[in-house]
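Heads up, the next two complexes both have chain A, just with different partners, chain B and then chain C.
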Partner chain A sequence: MKKPTLIKVAEALAVIAAIGLAATPLALLTVRSLAQSWYWPRLAPPAWSLRAWRYVFSPTAEVLPSLATSLSVALVVTLLAVIVALPASRVLAWEEFRGKRAVLFALLLPVLTPPLAATMGVHSLFLRYGLSDTWVGVALSHLIATVPYATLMLTGSFSRLDPDYEAQARTLGAKTIDVWRSVTFPAIAPGLAVAASFAFLISWSQYLTTLLIGGARIVTLPLTLVAFQRGGDEAIAAALSLVFLAPTAAVAFSVARFLKESR
Partner chain B sequence: MTALLLDRLTVNYGATRALGGFTLAINDAELVALLGPSGCGKTTVLKVVAGLLPPASGDVRFDGISVLPIPAERRGATMVFQKPLLFPHLTVAENVGFGLKMRRLKKGEIAARVAQALQLVRLEGYERRKPHELSGGQEQRVTLARALVTEPRVLLLDEPFSALDENLRGEMRLLVRELQQRLLITTIFVTHDQREALAIADRIALLLDGRIEQVGEPRDLLLDPSSPRAARFFGWTLLAGERIGQTVSTAAGDLKLPHAGETGSCYVAFRPENVRLCACEELGANLTGRLESLIDFGARWQWRVRLPGGEILAAEQTNMLCQCRLRAGDEIKLFLPEKAVKYFAPQDKTK
Partner chain C sequence: MNFTMRRWLMLSPPLAVIGVLFAGGLALAAAQSLGYFAPTGENALTLRHYVSLGADHEIYASLWLTLKLATAATVISAVAGLALALGLREVARRSRTINLLLQIPLSVPHLAMAGALGAVIAPSGLLARGAYAFGFIQQPADFPALINDRYGVGIVLSYILKEAPFIALMTLALLARLGDEYEQAARTLGASAWQRFRHVTLPLAAPAVVSSSLMVFAFIFGAFEVPFILGRPFPAMLSVTAQQRYLDVNLALRPGAIALAVVSALLTAVLTWAYLRLTRALIGLERPFIL
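This part shows the complex of A and B:
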């Protein structure tokens, strides 16, 4: 069916607006990171420079160590969150048991409670067990936020999969590992990809939790970023923001591609 | 080549008993239909045989050897479910070859056996299709090929055609029977449809409330139900009555029995199609009822009668010499031949 011109124009405008909303801040950040002495009321920077970028990647800025901390925390948190969420969501989706609603509610609690309140409580607990100011403590505190998300998402994937598929595979001669590899995993892979990337992104963008639990010892990228933004050098803050955004964009992009393929 | 023995199986789901002392012996290469209303435990039996569900007590034996310690994937009992459950990310050929791949067979052998299996179910040339490109009947033929290709010792079919329309179901039934007899696979076919069971099975096991009510060849179950419950399941009408000597008196009339027996309340059962309508008493009528409707097709009558106890009889009969003009609402006489009556002694008066 041919669409009326007015609707086509409206659709095109909507797409442009959506792209613009996403792209404008990125473009501004890029320009800002490359600009030299750019002040109001100038529309364009008077001169360009790689100074900010050079500084960000220099050893004095200590951006690279915080990047490494962020990456290591986020990757381990993602892995652990998925490992915990897989069996939990499988049970939540397929089994009926007393108190299932209570468990689901408890899973939502860390998402609902204000992070500051929750983290304060966790902090006093971690202090007692010597986990504050440690890498392990930071990773654990990130897990509190990521496991519920991952579990709830995978619960959706499992409830869309008929458990009889596993029974069918078994009677056809598939061992437990084969059932997982050949039947269950392909069926929940899209949900798993989304859950894992969410876990990664949530851990990646934690600020308050890392600040409180990690003291000033465990420095992740968001902490560095905030420090530089306070420092007032806008070009460096902009460059750092782009560094901070890069893995996020990479994750979002690859998940989108994967979901498109698996459809 | 497997004889199957299900020995006093008991299965509980929490507090509810799904099977209570279920015993059934199936001969090598025999097709037994497990027939019963939904929720009577039929699927549970299959899951226990397949190894998907451990019984609380009892034993499953293949050729006399207990298979309970053998896990489902090595038991050689392949199940075909009610839903096709084709793996959506695999092609038809990959679905059929799934069991062979799990057994780590060589690619060439898998391809050859898959082709053979698809030929059996008449789906040559469908190898590269995806499940969503198949019709319902084709899907179930793929599941059949997928089960047969592994050469199972026991084939378990759980109402595999209940989602298909009537014509297709008949066709699939014939296909299953043909393949089962060609490959000589011991088979349990679960169904709630007595016509399906009658059409396909060597023997029928009637399952009611987790217990076998009666086992036998299709004609035995049809003509000689062993209990009032079995009779009712196969469409017999049951009348409660009092027996005195050779006579059972019911609300609808007195029926004569061939032998004298003990006195007491009992049941008699008969099939409505053995009842004849009659208004003029020439036949020696022995029951009375009220005619609810009568459609006269000339050569045939199609009628419905309500007996005094509230039972409804509906049947067709070829027209007789009766010249009476019958109308709906009339009190009429019915004739039930003595040999069409089945008598259930007081002790089998279970419901």
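This part shows the complex of A and C:
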């Protein structure tokens, strides 16, 4: 059947919009990070320079330490979130029991309500136990947002897997560890990758929680970025934005590829 | 070990995290806003922090702004996201690149998106420079304020750029799973293009649009970064106002700031519930969550 022209035009517009939404921010930030004295009213940069990038990667600037803090917090939080979520999501997906709806509701609450109030309460708790302004305190506070997401997403992957496969493997004499390694893990690996990357991204992009719990003492990349955005050095802010979004884009891409291959 | 105990043992780690850090945090926040704030020696139950929020003009302005901007950004994102999903549906079936493409704005952090948008719409941004090149304006001050402005244009735009692709992705995923058999059946039965859209495609896509826009609304209502970068300090969105007061050097402002954060959390819960009731009444959706 032939498609009406109007629909063809609409589809073309949608594709253009999708390309624009993806390419424009990246292109703009790249140009800005390389532009030199790009003042009003010039439409294009008069000169190019690597100044911002040299600054970002200079060993004396504050960027590299904040990058290291962001990475270490996000990696540990991801690992913890997945470990905490795995057994529970298996139960939630495969078993029917009293209180299941209440548990799912409890998991949804932190996803749906703004985190600020709980963070303020946690801050007072951490102040009392010496966890505020510390790396450990910041990592713990990131669990509030990451654990519910990881649990709900892993519940989704387990529920697409038939629990009978495990039972069959066990009937055939496989040990628990073997069942996990050769049946369960391969089946939920894509879901695990997605849940882990989500946890990483959530922790990686926390700003306000880190600011309150870390008391500007624990400086992650978004805190440095905001300092430059508000300080007015546009080239460095743009370069930092690109560093900030590099892992998120990489994670999104690898998850998409991974899901494609495992299909 | 008995079966029930084993089950709850496996459930306990995430429940402990939620119980201690989320519920415990909320409870402590509530206690501090209700008159138990040690740093200033407050130690008796009082509603005065909530009462003074009710008498504060800045709070009303902030609340109104938050409601307005969150609603505007959510509605526009939902419509744009649905339009994107419908427009990309055919293409997405043939090539998976479309999904990857939509992932990109989704993976750009809000702070970076706000910065990139600022480069375009700021008074000395690319749009204003274009307007100057064409002779429409003489100087940056002639350009209409689109960031740090009264109406929060920059904030709403920034969220649309991030959330429309999100809603589109969720909708595309649902539509792909459902296939197009229902539409084919409607076509065979003689339904027009509009009838197929109105009575088949739209109801099929609705659960994804409703659940993802609900998440978007709840997120924007409590969000901080974008209004912090692209908004005004007064009146600011609720989270920004609460943060300003919480981090004020004057510790006596802190219980009021916590009270504001508690109010914002409660309002999100009420509005989420209202949204679910509304969508149920309007389109008869029982369970919008695709979980």
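Basically, the second predicted complex is superposed on the first by the 249 of 263 C-alpha atoms of A that agree within 3 Å, B and C clash if a C-alpha of one lies under 4 Å from a C-alpha of the other, contacts with A are read in each partner's own complex, and residues count from 1 in each chain.
To be clear about the criterion, contacts are C-beta pairs under 8 Å (C-beta built on N, C-alpha and C of every residue); 3 or more make two chains touch, one makes a residue touch a chain.
For clarity, every value in this text was computed on a predicted model and none was experimentally measured.
Of the two partner chains placed by the overlay, only chain C lies in contact with A:10; chain B stays clear of it. Residue contacts after overlaying the shared chain place A:178 against chain B, while chain C stays out of touching range. In the superposition on chain A, A:65 contacts neither chain B nor chain C. When the shared chain is aligned, chain C comes close enough to touch A:92, but chain B does not.
When the two structures are aligned on the shared chain, A:169 is found in touch with chain B, with no touch to chain C. When the two structures are aligned on the shared chain, A:186 is found in touch with chain B, with no touch to chain C. One of chain B and chain C touches more residues of chain A, and that partner is C.
Contact residues on chain C toward chain A in their complex (touch as defined above): 4, 7, 10-15, 17-18, 21-32, 83-84, 86-88, 90-91, 96, 98-117, 119-120, 124, 126, 128-130, 132-133, 140, 161, 164-165, 168, 193, 214-215, 218, 221-225, 228-229, 239, 242-243, 246-247, 257-258, 261-262, 264-265, 268-269, 272, 291.
For chain A in complex with chain C, the touching residues are 4, 10-11, 13-15, 17-19, 21-26, 28-29, 32, 39-43, 83-85, 87-88, 90-92, 95, 97, 103-104, 106-107, 109-122, 124-125, 140-141, 143-144, 147-148, 151-152, 155-156, 201, 204-205, 207-208, 211-212, 222, 225-226, 229-230, 234, 237-238, 241-242, 244-245, 248-249, 251-253, 256, 260.
On the side of chain B, the complex with chain A involves touching residues 47, 50-52, 71-75, 77-79, 81, 83, 85, 87-89, 98-99, 101-103, 146-147, 150, 156.
Residues 162, 164-165, 167-175, 178, 182-183, 186-187 of chain A are the ones that touch chain B when the two sit in their complex.
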